[in-house]
Structure formats: structure tokens, C-alpha cells
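Listed after this line are the structures, all set down as C-alpha cells.
Look at the two complexes coming up: subunit A is in both, with subunit B in one and subunit C in the other.
The block that comes next holds the complex of A and B.
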């Protein structure tokens, strides 16, 4: 049973930020609510005020510019991202990730800002966006700041957001030349939460060596994890299948998984090893085309 | 708790409700409006039994606040029938035997109706994807897929039985 709360419905972002400051430490923000309402109903989350930003259409947009890259408003739905032609063209990995995110019903109502703010380590968008070098724009009544998504996650369901801040935009830089990116999660039902997930991005230089690599592990620790040792195995190297195997082994070491009803710690490390090898290879095949 | 007066448009009819803002859409539809075709299932966005259409999109009414749906067009399984004539998808479900215990049926009808609103000729894959978020524990999914294919290829039309 959801505990009672006072419902706040701002009409503009400005109004939302004022309300947030007025009720700081007592206010949760709901947008699609596809993640938030579940722990609320289970009695795990109780809040004095609930501020509903679902209707803030000024934050629902997908903008792309070859110089500036991609800008996603926080209340943009997953389904809008999945179906966006500009995203399919410039960031196909994002659209493919969204296709496998929960069900159509959830994607129709759930939003990208809500998903990131919920800070679930098993969320699909964060690993993919982190490999693409995304940043989040946070706003409070005092002003705005932009931080890399890499620095956004601090602990289990915890983020670097202050209690008077909210996500208003996600920014993704333009795709680099000769870049490839891939994401896969392991699960028994195709669109479930991943037991683990691995996102990889690689770029190639003119000589066919790996210029840059980013590998991010989902549900492999309390936050999404950059597998920096695995990245170092690849960066600056002439790529071979053996290197993908080594990157997988390094990523398994970078992970910090727990065992639970879905998989043991060892099995999670094994999955990370295999998925990292496969995703890096897929990313490289696109990059070196 | 401060209750709120809201208006929900369900099956093209306005309902004035006086509710606690924590009321979920499924609760508003079933307990306040009295339309019980929409089912409460898992209540964790997993099973799809509570699927309704909001502004022609399939959504799970167990995880949406009713107050968020003001000014939107909500359609439940009761809203598929028009003037005593079943919708094509309802006829298709009947003729293909796309239900057994019937608990998932209204959610399945709404998920597939939303698909058919979006695309008149969905591929088999699109049909399967449209019900990915809906769990059926008895009759299986093939008869449901056949029913949607039957509507798409004109085998089933709206009308009485």
C-alpha cells in the first residue's frame, strides 16, 4: 500500500525547481513512475511530497546537431528514443538498447531522465550512454551544472544529485569517426532486467589500431562500472581476437558483482568475461569497417 | 490527506472522481469507476494484465497514478465494443480460442489493439513484441498471434457474433 503523500504538480521547470527547494529532503520526483511506484507500493519508499513532472513537455525533446551531438530532454519516453530516426541513424546502439528495455507498455510511459535518476545498477541506458561519453545536465533553483555520467553514480541507488536538483537533459557528444558500439544483457526473458549487461564502444584509427575504447558493466556492482583495465587492454593496440579474450578477463576482474537469486558471483563474472569479449568484437567490427 | 477532484475520460465518457492522489489508474478504473475488465495482476509492471490504452498507447495501469491521466483518452477492454458490435480483435480472439482462463485477455486485447492502431499490417515479429510485456499462463501465445494476424489480413471484422 502506498503511503500518503502530498501531490505537487508544477507547470514549468522553473516552478518545479522552486517546489524542490521549498520541500528539500522531503520530496521525491516522479515522472513515468515505472521504477519508483513499485518500491512505494511495497512500502520500501515513503515520501512526504511527490512532485509529478510527467507533464513537463518542455523537457520532452530529441535534438541532434552534427557539432553539438544529441540532446535528450529528461521527460522523453523510452519509446520516443527507440523510434527516433535521428537516433537510429547516428546512435543505433541507443535505439537497439531501448528495444530491449522492458515492455512496450513501460517504454511508452517511462522516461530516460527517470531511469537514470533511479540509479539502478541494472538499468540499461546508463552503460550505453556512459560508453558514448554522455553527460547529464542537472538543475536547481540556484543554477545548472553538467557532469559526466561517469561521475553520476555514487552507490547503490545513489547518485551525485543534490536533493534540490533534478536531471533536465542528457547530452551525448557527436559520434567519433570510425566508431562502433554494442550492448547486450544476459537474461532468461529477452526484455527482463539484465543479470549482467555489457556495453562497449571502440574507435579505430587509419592504421587499424584501436584509438579509444570504453567498456561499461551493468548490474556488476552497486553502480554501473567502467571496466578501465579491460579498456587498457585494447587502447592503442593492433586488435586481434586474442585481445578480446584478454579484455573479457580484465573486465571480469574490474567487476564487483554480488550473488543473488538470479546468478552467483562467479557466474556473473563468467558472463561479463564472455559478453565483454563479444561486445568489444562487435564494436570493433563496426569501427574498422 | 488532501483529496483531489479529477476528471478521467474512460471509454469516451468523463468520470468525476474525488481521490487520494496516490490512487493508481487501475484502482480508479476498477474501484471508483467500476469497470472490472482491467485486471490487477502482479502489480509490479511485469504481467501486463492491467494493460489499458492511454492516448492510443498501451500502458500498464498498475504503475501509473490516475491523477497523471487527466485530460487523456483512456480506453479499457469495455471500450472496444461499439454499439453492441464487437471489435475485430475481440471476434478474432473468440474464433481463434485466444483465451482459456481469461485473466490475461483484457490486457492482451489492449496491447494488441494499440499495435493495430500503430500499424495496420504488423509483422509476426511486431505482434510478438507487442505482447512481450503480457504473460499468459494457460492458452499460450500462438493463438493470440494468430488472432492479430487474422485481423491484419482481414479475416476477422467487427460485428456481432
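The block that comes next holds the complex of A and C.
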């Protein structure tokens, strides 16, 4: 049963930030509610105020510029991202990730800002956006700041956001030349949350060596995890299948998973090893095309 | 039965394209389920549940809850008669469950107290205010542990927690093993499974000062619930009316007493106001019952040509805290473990053991899915061990029409042989499979209703009353329950076929104990055959009355046969000579001095052995793809070769088989109920995985043309039996794709990865050895 709360419905971002400042420690933001309402119903989360920013249309946008890259307003729905032609063209991995995110109903209502702010380590968008070097723009009544998504997640369901802040925009740099990116999660039912997920981004230089690599593990620890040792296996190397295997092994070491009913800690590491190998390979095949 | 052979030749309604008669009400949202029932002055109930797997209830203080504004009553075990009840009424020792226990709880989630309040929210808040003092007792969760001498006693006087034992034996088992060229032994474990009805358990009870009770309840057998409630409330059955409205699924989990019906009844008796209790999904998971987890040990002896000489099987099942229908599942698993084969000697010993976990009970397949998972995989391995064709090996031992399972059952119709042909062709046509693909199949059979009468009812198993109005419209009253399986449509089809009118002429009233004759309800695949026979006989009775008037009116020589088809009453030999149905009905009604034509029919099985009047047969084939590195299984394709006698309703049959396939495949590789210290770890639909549309392969069905003499128009079981073979078929597909033997279900990804690792190591050692 959901405990009673006061519902706040701001009409503008400015109004939202004022309300947030007014009720700073007793206010939760909902932006779709596809994640938040579950713990509320389970009684795990009780709040005095619930501020619904889903209606803030000024934050619902997808903008792309060859120089600036991609800008996603926080209230943009998953479905909008999935169906955006500009995203399909420049960041196909994002659209493919969205296609596998929960059900159409959830994607129609859930938003990218809400998803990232929820800080669930099993969420799909964060690992993909992290490999793409995304940043989040946070706003409070005091002002705005931009931080890399890499530094956004601090602990289990916790982020670097202050209580008077909210995400207003996600920024993704323009794709590098000769870049490939891939994401896969392991699940038993299509579109379920990942038991683990792996996103990989690789770029190739003219000689066919790996210029850069980013690998991010989902649900492999309390936050999405950059598999930096796995990246080091690949960066600057002449790529071979053996290296993908080694990167997988390194990623399994980078992971810090917890066992649960869906998979033990060991089996999660095993899955990370397999998926990292596969995703790095997929990313590389795109990059070196 | 006079029209049976004629009807077989010229069916005009049966197996035509009949849309479910409840369909429009359901898709337009007009169908009212128990959840939708709202009565004047109705209160809402909630149940406080035990947080402990095993504890004495020392004291319950409800004073704070009662002080909460809006709370009308709190009841505990002390407000009840304390009667221990169970569905095996013939055996007092198996009636072991107080729905609101007086002194002790035996599993996490067991009801301890119930609240009625003006809103559901207040009732839920009140639960937190009830103070219960427990003395926590040592608990035991696994049957193997529970049988140990030092294990805690769950039910007083039950030695080693052994709840029920069952023994089945025929032929000479020892001699069979002596003569066997090859003997194989395997141990298996089959997990539990949640019934997972779309509609969770729900009840609205209303007791009036006249001493009469009316209960709306989502159930599979209104009559069982009526009788069981009469027992626990100390009332006469007739003073209790149970109404099963539209029911959102049952699957074997809704014909016993549950907390919703019992607690709402106790509360309404205290308050004289209707009380509604609807379970949340979590309550449905943790506090109803589940498919019985079973440890299986199987030893099989065959000749080198694959003749089945002897089998010995032992089962230890996790009974959970109470008996429920688990005793029947324990028997049926042993019986169906022999299916569908002729064994030289067969011996089965089953032990059902109490533990401090959720009770286990009947669930679609009733013990047979576990039996087939073990039997059909072991047979596949035996065929491989001996280099025999798995289809031909099975075929030479398969049931045939006229076979008697010694002392147990008589097989009349049996289309197994054709099923083997169909499966062999399907597999052959598949040709060479792509890498990481495998095909497996499994055989199974199932019953068409149970003959065993442990409920000890004095009523016939099924009855029907048909009333024909003067305008030719028809009212059918049956106690059978429509739970989404299409029973009402099936009965309307049988009635229309027998009377000679159309389906849209028939209005079906079912599942209401006041207005319908008693019927044991929808379990064990009994309604098509048993209620179907009752309906057919009731219609034959009415039709006979009608045709007397037709013969007189038409002034015919009495040797002429008359019949009615498509609302046309006619001479069989001269179909153009006749009169319209409505005209005959009017004439007959006038002729009876204005009495409506009423036909009555009933069915109770006789001379059909001790299990079931008829058996269906099936082979399920599946093609799967396996990711060798992650162990993930994907269902690619399937084929069902199916003998259900004469299908009554093709559309309904296909729907039932699709549902059975998805539930059975889910049992094979997805649906998993992990417990930690007696607590279910995934009581929600995020963490409990069931097949969705995206995971379903095509499920084509090849119907085998057979005729079951005991069934209405030759029909027998359909829709439950197909839950039996699929888990084994998946196991066999894995075996053929990867050469590994999966002895536990659900077959989860890490098990495949580990088995492959073990196999690789074994292969390596074997190579070194050479």
C-alpha cells in the first residue's frame, strides 16, 4: 500500500526547482514512475511530497548537432529515444538498448531522466551512455552543473545529486570517427532487466589498432562499473579474438557482483566474461568496418 | 447413448468454429469476477500472516487494532471452531489444516488473524497494530531433513513428519530386473511451481441473521467449497451458497479452502455485514499452495531390443505444512510415471513429507509433469546407451487400445501409435539442425477426471438439468465451473449438438450451488467427459420427450427414426420431411399441460478401474537453441501430436494446448521457487519468470482421430495432459544438442554451463585414458 503524500505538479522547470528547494529533504521526484512506484507500493519508500515533473514539456527533446553531439531532455521518454531517426543514425546502440528496455508500455511512459536518477545498477541506459562518454546536467534553484555520468553513481541507488537538484539534460558527445558500440544484457525473458549487462565502445585508428575502449558493466556491483582493466587489455593493441577473451577475463575481475536468486556471484562473473568478449568484438567489428 | 454412432457420422455443432460464449463479456469488461463484486454495506478484510516458519502462538492482542477508526472486527483462531479440515474427507488424519490456526503456525505466510474495516487501507494499517507473541520453534524445510529422527515435529503424532505414503505395484518386478540386459538408475529433482492465476484468490462472504451464508469466490469447484465451508463453520451445506462467478484461472490451486474464503466468512458471521478479501499477488505466492517438489529415484530394466521389463521408482515429495491435494498428487505421479507404456513389472513407493514451507498440492498435470520429466529423459538416455531408435523403442512398449494397466486402469481409445508416426516425420523433416540447436520429444498421457472419491460425496460426480422454453431457447444448469478453460462453451456445444438446436439458443448457468446441481468441479480434466456426459444425457432425456410429440404429430410408423439437427426436426431417412424446432417445442409444451420440457442427466463412472474413465495420449516435440557459453535456452519450434478423442471445440482446444505448452515449458526452464529459511525469495512477477508471448514458439497441433466410447461424442481429456511432457522434451533436446543430462528442473542456465564444463573435463580424462 502506498503511504499518503502531497502531490506537487510544477508547470515549469523554475517552479519545480523552487518547490524542490522548499521541501528539500522530504521530496521525491517522479518522472514516469515506472521504477519509483514499485518500492513505494512495497512500503520501502515513504515520502512527504512527491513532485511529478513528467509534464515538463520544456525538458522533452532530442537535439543533435554534429559539433555539440546529442542532447536529451530529462523528460524524454524511452520510446521517443528508441524511435528517433537521428539517434538511430548516430547512436544506433542507444536505440537498440531502448528497444530491449522493459515493455512498450513502460517505454511509452518512463523517461530517460527518471531512469538515470533512480540509480539502479541494473538499469540499461547508464552503461551505454557511460561508454559513449555522456554527461548529465543537474539544476537546482542555485544554478546548474554538468558532471560526467562516470562520476554520477556513488552507491546502491545513490548518486552525486544533491537533494535540491534534479537532472534536466543528458549530453552525449558526437560519435568519434571509426567508433563502434554494443550492448547486451543477459536475461531469461526478452526485455527483462539484465542479470548482468555489458556495454562496450571501441574506436579504431587508421592502422587497425584500438585507439580507445570503454567497457561498462551493469548489475555487476552496487553501481554501473567501468571495467578499466578490461579496457586496458584492448587500448593501443592490435586486436585479435584472443584479446577479447582476455578483456572478458579482466572484466570479470573488475566486476563486484552480488549473488541472488537469479545468478550466483560466480555465475555473474562468468556471464560478464562472456558478454564482455562478445560486446567488445561486436563494437570492434563496427569500428573497424 | 442411442444417438452416439449417428452423431459420430454427422456432427453439426461439435468441432465447428464456435467462439467462446463468454468471450464478448470478457473482452468488453462486462464479465464480473469476484474482485468486482460489491455488496451494500460491504467491509474489506485483510489477513495478518506469520513471519515465522514454525512457532507457537502464545498470545494475540488486537486491542490497538480495534481502536483504529474504521476497524470493525479482528478475528483469530479462537473465534473459529478450530476444526482441522482437508479435502481428503474420508481420511481424518489427512484433515490437518486450520485455516486460522489456534495454537501453532507451520509456514511463513500462514494466516494468524484477520481484520475487517471500512476500507482496505484501514484494514491493512490495522494489521501492523495487532501484537502477536510467538515462541519460535526449530523449523525444517527439506523433506530429506524432515525425515531424520532429530527433526522437529511439525504435526503432533506424525512420525518422522511422513504425511502420506503410497504404493503401486504390478507384475513381477524382480524377475523383470533379472531378465534385463540393461539396467539404469538415475536420481532427479523436480521443483515447485506457482499456479499463477491471473485472478488472485478472492472472496466476498455475506452472512444474514436468518443463518444463511452467501459466498462469492474465485474457485474451481463451488460444491467442494460449499461442503468444506459447511464442515468448518458447523453449518448445513444447504445453508451455504457458493457462487463461482467468472474465474480468472485455477490450474489446480482453487478447489481447497483458502484464507480469503475462510476469514471473510468468520468476519461476516461476527458482523452480519458482507466482507471482501482479495489477495495481493504476493499473498497469492506465499500463502496459497504450489506444485509439489519431488525427489525421484528411478531404476529401469530393459532387454537389449528395448523391451520394458521392469521399473522401480521412489519419490520423496516436499509436502510443505499441510496435506491439501498433495496426497493425490503423490499417487498420480506414481501412476503416470508408468505412462504411456506396458511394463513387465512396475513398483512405486511415494513418501510425502511435512516441512515448514508453503504446502504443496495439485497443479495442472497433478504429479505427472514431474513423473514424465524423470521417466522420459531416462528412457531417452537408455535408447542412446543401447543405440536404439528412441521412437521405435517407445512404440514397441506403448499402450494400445484394449490394454489393461494391471489392477489400475482400462485403456479404451489410444492414438499413441499414430502420434509416434507424426513425431518421427516431424523430426525427419527437420533434417540436419543448425549448430547449437536440438530436438527432443516426450510422450505422456493423462486422465479424463478422477474416479477416486476421497471427498466421499454422496452426489453423482456430475449432473445437469436442461430446461427448454416454449420459444425454443434453452437453459442449461450445471454445477461445473467455468474457470477460463471454456467449459461453459463446451457444454453449450454438447447441448446444442444433442438437442439439435444452435449454440446461441443455449444459456449456461454454472458454478452456483443454489441454482445448479452438484458437480465435483474443474479439476483432473474431468468436466468435458463427466459433465459432458451429464449434459448429453440431460439433453437426450429432453429430446426424447420432444420426439414423442413429433412422432405423434407427424403420424409416423413407429419404426421411423426421428432426429433434430440445426433446429430442424426430421425423419432420418427423409430429412426434408419435418418441422421447425420452435414449433415442436411449442407443441410439446402444450401437450404437457404447459409444463416446460426439462431433461435431467448425471454421470458417475463405473467399471472403469480406480483412476479414470478414459486416457488421452500425446507426444510433445520441441526444437530449442542453446547458448553454450551462457546456458540460455530459446524455444524455436514445437509440434504436438495429440489424441483427445473427438475434439468438441477446435478453437478452445488450441487455446488450451497453447496454455499447457507455455506452463509446461516454463516448468522446464524458467519457473523457480527458491526458499531461504522457509521464505520464498521471489514472490512477485518481476523475479518469478514465466513465459511471455515473446518466448512462445509456434505450437502447431496434429490431432489424431480417435473415438473414446466412454466420453460424450467420443471426447476425452484435453488441455491439462499437455503440461506433462514438455519439460522432459526440453531436457531431451538439450541432451541431443550437447550430450548432457539434466536431472533437475527447472533447467537453469548455470546448470547447463556447469554440466558442459563437467562433460569437457570427463571427455578430456577419457581421451588421456586412451
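Just so it is clear, the second predicted complex is superposed on the first by the 289 of 289 C-alpha atoms of A that agree within 3 Å, B and C clash if a C-alpha of one lies under 4 Å from a C-alpha of the other, contacts with A are read in each partner's own complex, and residues count from 1 in each chain.
One rule holds for everything that comes next: a residue touches a chain if its C-beta (ideal position, glycine included) is under 8 Å from a C-beta of that chain, and two chains touch if they have at least 3 such contacts.
Keep in mind it's a predicted model, so treat the numbers as computed, not measured.
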Inset, instruction - Look at A:190 in the shared chain and tell me whether it touches subunit B only, subunit C only, both, or neither; answer first, second, both or neither. - result: both
Inset, instruction - Name the chain, either subunit B or subunit C, that contacts more residues of subunit A. - result: B
Inset, instruction - Determine, under the contact definition given at the top, whether A:30 touches first (subunit B), second (subunit C), both, or neither. - result: first
Inset, instruction - Could you look at A:274 and tell me whether it touches subunit B, subunit C, both or neither (first, second, both, neither)? - result: second
Inset, instruction - May I ask you to decide whether A:44 touches subunit B, subunit C, both, or neither, giving the answer as first, second, both or neither? - result: neither
Inset, instruction - Answer with first, second, both or neither: which of subunit B and subunit C does A:104 touch in the superposed model? - result: first
Inset, instruction - Check whether A:5 is in contact with subunit B, with subunit C, with both or with neither, and answer first, second, both or neither. - result: first
Legend entry - Touching partner for A:52 - first (subunit B), second (subunit C), both, neither: first
Inset, instruction - With the two complexes superposed on chain A, say which partner A:262 touches: subunit B (first), subunit C (second), both, or neither. - result: second
Legend entry - Those residues of subunit A which subunit B touches in one complex and subunit C touches in the other: 38, 190-191
Legend entry - Interfacial residue positions of subunit A with respect to subunit C in the complex: 1, 38, 186, 188-193, 261-264, 267, 270-271, 274-275
Legend entry - Contact set on subunit A toward subunit B in their complex: 2-7, 9, 30, 32-34, 37-38, 41, 50, 52, 54-55, 79, 102-106, 108-109, 190-191
Legend entry - Of subunit C, residues touching subunit A in the complex: 120-121, 124, 629-630, 632, 669-670, 672, 674, 681-682, 686-687, 689, 691-692, 694-695, 749-750, 753
Inset, instruction - State the interface residues of subunit B toward subunit A in the complex, per the touch definition above. - result: 1-2, 4, 20-22, 24, 43-45, 48, 51, 54, 57-60, 63-65, 67-68, 111, 114, 129-130, 132-134
